[in-house]
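Each of the two complexes below includes subunit A, the first together with subunit B, the second together with subunit C.
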Partner chain A sequence: MADEATTDAEAPEAVTDERREEVLAALTDALGDAVVDSLIKPGLNLWVRVATEAWSEAADVAAARLGFRFFDFLSAIDWLPSPYGRYEDSAVDTPFPPAMPDRSAVEPGYTGGDTRFQVLGSVAKPGTDLRILLKADVPDDDLRIGTWTRTYAGAAWHERETHEMFGITFEGNADLRHLYLPSEFEGHPLRKEFPLLSRVIKPWPGIVDVEPMPGEDDSADSEAEGADA
Partner chain B sequence: MTMLTDAQQLAYANAQAADGRVNVELETDDGMVLNMGPQHPATHGTLRVVAKLDGEQVVAADVICGYMHRGYEKLCEVRSYPQVTTLVNRIDWLGSFANEVPFILAAEQLMEIEVPDRAKWIRTILFEMSRLANISLFIGDLALQLGAQTPAFLAFRDREFVLNQIEAVTGGRFHPNFDRIGGLKDDLPKGWVADTKAAMVRIREFCDLMDDLVLGNEIFQMRMRGVGVIPAHVALSYGLSGANLRGSGVDWDLRRDANIGLAYDQLDWKVWTHPDGDSYARSWVRVQEIREATKIIDQLLDGLPGGAVMAKVPRIIKVPEGEAYVATENPLGEMGYYLVSKGDTGPFRVKIRSASFNNISVVPWVLKGVYVPDIIAILGSLYFILGDIDR
Partner chain C sequence: MGLVESGKMPKPLTKLLNLSRKYSIWAYQWGLACCAIEMGAAFASPRYDVMRLGVIPFPASPRQADLVIISGTVTDKILPAIRRLYEQMPDPKYVISMGSCANCGGPYWDSYSVTKGVDQVIPVDVYVPGCPPRPEALIEGIALLQERIQNEDMAARWRGAQDVEPIVVG
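And now, the complex of A and B:
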């Protein structure tokens, strides 16, 4: 039974996504070695990691050659685990920042990566459900990468936001003023080491709620049954 | 407790008024700088537009936002998955339910949960109802900004029928917080289907009324036609979405073209576009859109499947490691969540792609060369919700 179940589950996985394969092939054709890694989830999405130097060029190619003229969004991901923990670990709510996790704790997601910060951009083809999620490493010692504003005018604000939130500089974007934050604000709030100040001042109040009430231990089962009915 | 004298109170009020007057500054070097906001009736909240004028014409304009930035992307990182919907409700506060849907869909995609049909259909109904609640106010509000009072009252009156129906299901008029990973919190209440159909008739009447009263109005047309033209290629490169993109003639609707997890595939409806790309086109597309939404809701109500509204999900939700991006066609345009999970009870990183942020980033471009009164018409027709810009 178990074997049958797994083969059933795997059968749709084996389905290839020809439209996204084509997009990937065209992108690889244009960029060559600059396409470092890629991943296709059939019917869902396409991830492509390009080399840092090819970040701007990848956008050019996607827009001009592949027809992905719709600019979706641009942001970044900090892959370092947060030193502050989550709400269950409210014991770490102290005004003093805990020790930073080691650099080796960085674990990249889909399509891999070698650096702590990665930029993430998304472009789409109008009229279809096709979208390319582009990623690129940002070197740890030099947080700089090319701009997308030459290709997509809308990237200007997204790069400003990413600049203030992560401290990544987009070369070629002349206007990297703060967008959301006050101009005198210091620090980069979406980096993992930046404390969430409200959490530092006051421990998470919801922690009391997750303690089970007396006699409520089996409520999980009854709720699941209730959902079936 | 010390009492203030009349003179002191007057001095205080005068000081406040002087603070307010700083809002409009005059610069004499090369033209004049006009500052709108942060508190301005035309900005639906605290958006500031600084326009450099040459006579009556705008030479350059800048948008300053962030007065209401709440840092949801950071907050999501310390919340568990079920808690995130409470936060994201407050992004586009006129169509709250629609904010929850893409996030829940992204989490479901990673958990590989198949939602029961009934939940899918009710989700789609509520999704479209938040579109009605959102856009019906748009048309009234736009008319109000252009100087017409009546449509705003009519919009508030008829929107109430939709809000009542949303409240009857979810218990919340503005922040339903009703969508759950795996389905919905509850089933529909008794008698809801008939009431909703009656409400849809009201909304269609409202659309007809707005066609006559607002879109067909001579003054409205003179203020809107040919004003704030955004060609399709500019709209695409700024990432405009929703009616702003379709008003520029791009035939693209994620409900039809990239339907993930919602019940649009078996319905008979139309995606309206307008080739002009001006303020009038955007408004016109929106009115057609709510009319289509009532048709969608009617069809969904007719074919509502039976069964459960909740799939089997573990009590403590842990989303497997992975990444997902799901975007839906929200009232304001494309809204998506890029969700990164590390197999924890809460997300590792959430990137919120909200429609208004991109929609309003085109403002410096489109305001170049327009006249001062047109600023209001263009901002109104681009239609943004501040919470959707400052997430």
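And now, the complex of A and C:
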């Protein structure tokens, strides 16, 4: 048993991913200190967190020097814990308006992070299975970051969506009109503190509306039937 | 239509008019989400074939339509277009709300972008529940609407005096 456990523990250590190591080395070579943190999952993906001011440059380097010319997606994450509690469990639902939670307890995911919002973008190298998932912090007091549209024209709509959903401004992208939302929509719906008003008016009923599976909990039914008879 | 407006239409003539309206409904398809697939099956497939009921599902514009089927998720963004579509249709006009989303928001009851029921902006004649409803359910909705058209008092409808409960299928 002890032998098996040690082999299991050692097995992931032995796996290395030279191709992704090379990509990371080339990226670090080009960007220098701007690469804040990185993570390689062998055979899966490469995560790289870059400094906020190097966000546009990182895309340039990935596309022009490393051949990652295919733009996959761009979005953002709000690391704030939901102020409304877990909706599915009405016992911990909080009243409205809620107190803002402390985000310091939250683990910011792969390659870490120091701010509430992070932008992330994925680019791929055509003809290979290589992708880079780039991330960058967005300063809490100034939600601005560079644009990717000079490198990837297709990023324009993704930045528009991220702008309307999170309120992050991409400097250099002149057309940040609403994409999905009505033009007069107020607020940023993918922020954690955005209230879903239907739920404020009518709390989530929990799982009371789910019927038991046949044979799972039919004792009450059969008793009732017996009483009727 | 002076006779209709004055309410002095002879009964047999009303019946005849209603009969012809009932069997020549031009239905405008307003497919917004997955319900539109079921609507397509009901309208365009030989298995269900709504034309056998006298419903013609391909008017060129809402201005030629008697009936509109709102099938799918109505978002706040498309709401002005739906309102405008309804206003473009000539009277007498009917609306079928198909599926949970169009009826009340359905699974998106708490969404920031989905309208909780298309009946907030246009009057609905028939509600077809389901997520999505089967084509048979939509066809039953149309059949019930035809039944209502057959018995309708056109003069009362013209005056706006008609106060009828909407039909709920099932």
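Quick note on the criterion: the second predicted complex is superposed on the first by the 187 of 229 C-alpha atoms of A that agree within 3 Å, B and C clash if a C-alpha of one lies under 4 Å from a C-alpha of the other, contacts with A are read in each partner's own complex, and residues count from 1 in each chain.
By our rule, a contact is a pair of C-beta atoms (placed from the backbone, for glycine too) under 8 Å apart; a residue touches a chain by one contact, two chains touch by 3 or more.
Note that the structure is predicted; figures quoted are calculated from it, not measured.
A.B. asks: If we overlay the two complexes on their shared chain A, which of subunit B and subunit C does A:D114 touch? Say first, second, both or neither.
C.D. replies: After superposition on chain A, A:D114 lies in contact with neither partner.
A.B. asks: Is it subunit B or subunit C that touches the larger share of residues in subunit A?
C.D. replies: Between subunit B and subunit C, the winner on subunit A residue contacts is B.
A.B. asks: State whether A:P189 touches subunit B only (first), subunit C only (second), both chains, or neither.
C.D. replies: In the superposition, A:P189 contacts both subunit B and subunit C.
A.B. asks: A:W157 contacts which: subunit B (first), subunit C (second), both, neither?
C.D. replies: A:W157 sits against subunit B, while subunit C stays out of touch.
A.B. asks: Does the superposition put A:D140 against subunit B (first), subunit C (second), both, or neither?
C.D. replies: neither
A.B. asks: Examine A:L181 and indicate which partner it touches, taking first as subunit B and second as subunit C; both and neither are also allowed.
C.D. replies: In the superposition, A:L181 touches subunit B and subunit C alike.
A.B. asks: Which of the two partners, first being subunit B and second being subunit C, lies in contact with A:T128: first, second, both, or neither?
C.D. replies: A:T128: touches subunit B, not subunit C.
A.B. asks: Between subunit B and subunit C, which residues of subunit A are contacted by each of them?
C.D. replies: 180-182, 189, 194, 196, 199, 204
A.B. asks: Contact residues on subunit C for subunit A in the complex?
C.D. replies: Residue positions touching the partner: 76-77, 105, 109-113, 116.
A.B. asks: Which positions of subunit A touch subunit B when the two form their complex?
C.D. replies: These residues of subunit A touch subunit B: 44-45, 47, 63, 69-73, 75, 77-78, 81-82, 84, 86-88, 107, 109-110, 120, 122, 126-129, 131, 133, 151-154, 156-157, 165, 178-182, 189-190, 194, 196, 199, 204, 220, 223-224, 227-229.
A.B. asks: Which subunit A residues qualify as touching subunit C in the complex?
C.D. replies: Residues in contact with subunit C: 180-182, 185, 187, 189, 194, 196, 198-199, 204.
A.B. asks: List the residues on subunit B that touch subunit A in their complex, please.
C.D. replies: Within the complex, subunit B contacts subunit A at residues 65-66, 69, 71, 73-75, 77-80, 109, 183, 233-234, 236-240, 245, 250-252, 254, 257-258, 260, 308, 310-312, 315, 321-325, 327, 334, 336, 338, 340, 342, 344-346, 349, 351, 353, 357-358, 361-362, 365, 390.
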